[in-house]
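For reference, the structure I am asking about is given below.
For reference, chains read A, B and C in written order, and residue numbers begin at 1 within each chain.
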Amino acid sequence: MLWSLYGNVLVQGVLTGLVYGLMALGLSVIFGVVRVVNFAHGEFAVVAMYAAFVLFRSFGLDPFLSMLPIAAAFFVIGYGLQRTLINPFVSRPEHEQFILLVGLAIIMVNGTLMIFGPDARSANLPYSFDSWEIGPIILDKVRVYAAIAALAVAALLFAFFRFTSTGVAIRACADNLVGAAVVGLNVKQLYALTFGLGLACVGAAGALMVTLTDATPMIAPAFTLLAFTIVIIGGMGSMAGAIVGGLLIGIAEAMASVVIAPSMKTMVSFGLLVLVLALRPQGLLGRRA
Amino acid sequence: MNPFTLLARLVDEAPRRALVLLAVLVAVLLVAPVALDRYLLSVFFLIFWFATVGQAWNVMMGLCGQLSLGHALYVGLGGYVGAVLWVKFGISPAIAIVPAVLVAMAFGAAIGWLGFRFGIEGVYFALLTIAFAEVTRIGFDNWSYVGGAAGFFIPVTAGGGSAINLRGGPLLFYYVALALMVAAFVICAALRRSRLGHAWLAVREDPEAARALGINVFRAKMAAVIVSSAMTAVAGVVYAFYQSNLFPSQSFDIARSIEMILAPIIGGLGTLFGPILGAFILTPLGQTLIALVEKIAGRAIPGVNLVFYGAALMVMIWFAPNGIWPWLKKKLGIPEERS
Amino acid sequence: MTTLLDVRGATKRFRGLTAVDNVSLSVSEGEIFAVIGPNGAGKTTLFNLIAGVMKPDAGSITFDGAPSAGVPPHELCRRGLARTFQIVRPFPELTVMENATIGAMMRAADMDAARAHAGEVLRRLDLWDRRDARAKSLTLPDRKRLECARALATEPRLLLLDEVMAGLRPTEVDRIVAILKDINREGVTILLIEHVMRATMALAGRIHVLHHGATIAEGTPDEVTRHPKVLESYLGAEAL
């Protein structure tokens, strides 16, 4: 009886964790290459949530489909943002980058608040409450779909960085900026692509998130924190680390809400964060700077 | 050195024009309430308050270069300690300031120890400060003794308040906050000139070089977070009594932490006048915007002032990353600060 | 003469590379001692070991009679050891005066005394006229002298100078040489790393030659310049 409870919690944690991981992956990729911490990350996730919500409510477009156009749109936005707003800040002090992005985050979250109001919105998919039962384990359909979709997007990104020449060039940029410039890589272009890809991840993750939880503007900073926590636990700039961190936080949160209390789940992730910062500041899969 | 010699020193050595400016400002503000209604008094309260906490935050970031994004933590802690001691034990906030400051300092020291010991810097440290504020918020949300998520209330004592217990109207809080702002300025001016202040500047500029000059970088950073949290906690006590209520979701909110750091950034990081100037610019603009939108739209739209703040931040950091004060100083012909 | 600094068998490895390989040297109170060697010889790393920035993997370092390996830099500075950085590190946003004052305040009774002492040091290094300029606005020679001024303001017994003359014009080199001689005459022991041979010969009483992290010679300038290994691996290469 108890074991089936833990089993279910574990499965739920893993499934949610994969979506978290995708969101964090966006942050990690941007930081790993452009060396800018996207402090508006959670805000982008929330905007994506609302986009998916509106597309569903107005056109009946399922979030599992709308994640594609949303990710595409976010890619374009990210590309444009890096080209115009962020690029001049790449070599500026960290706190100036931070202030720029916090400004953006404040505008985004409060803009959303002005348009949609503070109330939580939920997509209510027709199959929101469907599930499969495998022995004692109950699998929520949406959670499974979301996890599969998240995994698919992450796999695509991994494949891009591994097998395409552009992906390899971006990795070269991340490893050795001067070298990359010397061999004639267009660093600006690659940075913009990376920022676009990072936002595409968070766009897709936001669309998926709408199937799992309600959208409200005020959740944005919590998402930024969540992504940031995951990335630090997994290792800044490590792609696999983001997924591992996401899984870890997903499981930890799910366990904490059952074993301790739902309100304690954030406590547990921060506990993990403090532990990692103290014992292994470079993160589980990170390299020492 | 006793406070009066110190004050005399500051007056002697500060640039003449800056002093004139300051004296005029304080004189005007002292008599201003005769011309201010309740609403304007409350706007000025906010200006002074944000200038105070901005000054406190500036100690950490502007002087010592440590980015804290969780300063709401110290506001909340100070506020809760002051409020609980008053409501539950009848201890006057004038006395409760001491434990309030001590509690905030203990939290600040814990964050600092964890961060600085393990060489956690920049955005990592910033995240740590947010994490502590969040964890504390959740803790207070679940702590029924202080009202939990439903909040903690300071009753408005009937039959007129007493100033020493911070029970009174907007006029009382106007002067209390003005005093806080002036005190924070004087303290920071003294610190800026002190040995510790110079150690902070050195750490901000280049920790490696600072170490080579005999500065214990860890200790300097710890001092910064402790001084800053203490000053913030005092402002926190006053704010709690001004509002007469405390909710964990507001007291420890990251949005408040961010609002607190706007004034020094816009005004000029690491400068003494920056936080004051920033607060005098931002708070009225934000309040005007709120009122204006309410008039036009017929109802309050939450978030407008913050959208404006966000845009102001971006424009500011784009065009004048050092803030307005350094620019203004040049215009006024005030020479660079001497050490 | 008493020994002020004693390095015994100091070794430092970076992954595969042995940057400092079993180096021993000892600097007496009052002398000017130079460490030379081609780029990448391990001179700066040796400095970092002595100044407490890094801990040696093997060997011992004694400063002023007490073991100093692994003692943090700020503590060593208190004990009387000051250093400059090869790539100068002034506090860029602070004024020249503030830079020097920060160095001076460690030993000063109060900030007034620190400022007064900083002023003296600045006069001495010809920086007094630039005292209100921000460090970031200085020219390279001025920055190098500020680097020295700041270290000197800590009133060290041993001054470690890492290539303070590199990149300077001959007249500026002569100016610094004169100043350093002066400082040394007043009792400050100097350990310098140099590339500029002319200045090193003019200043140093003894020279220690490093190559690939290891000692290849030590002696007076005359002895060292005649040493076959030195001619071969360093001076020879330089002359070509």
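Assume contacts are C-beta pairs under 8 Å (C-beta built on N, C-alpha and C of every residue); 3 or more make two chains touch, one makes a residue touch a chain.
Everything numeric in this text was worked out from a predicted model, so none of it was measured.
Colleague: Based on mean C-alpha positions, I'd like to know which chain lies farthest from chain B.
Modeller: C
Colleague: Which of the two pairs, B-C or A-B, is linked by more C-beta contacts?
Modeller: The greater number of contacts lies at A-B.
Colleague: Taking the mean of the C-alpha atoms as each chain's centre, how many Å separate chain A from chain C?
Modeller: Here the centre of chain C sits 49 Å away from the centre of chain A.
Colleague: Chain B to chain C: how many Å between their CA centres?
Modeller: 43
Colleague: Can you work out the whole-Å distance between the CA centroids of chain A and chain B?
Modeller: 33
Colleague: What part of chain B is in contact with chain C in the complex they form?
Modeller: Touching chain C: residues 193-195, 198-199, 201-202, 205-206, 208-217, 270, 335-336, 338-339 of chain B.
Colleague: What residues of chain A sit close enough to touch chain B in their complex?
Modeller: 37, 85, 88, 92, 94-96, 98-100, 102-111, 113-114, 118, 217, 221, 225, 228-229, 232, 261, 263-264, 266-267, 270, 273-274, 277-278, 281
Colleague: What residues on chain B touch chain A, complex-wise?
Modeller: 61, 67, 114-115, 118-120, 122-124, 126-128, 130-131, 134-135, 138-139, 141-142, 254-255, 258, 265, 269, 301-304, 306-307, 309-314, 316-318, 321
Colleague: Where on chain C is chain B touching in the complex?
Modeller: 51, 53, 72-74, 77-78, 82-83, 85, 89-95, 97-98, 101-103, 105-106, 110-111, 114-115, 132, 134, 150-151, 154
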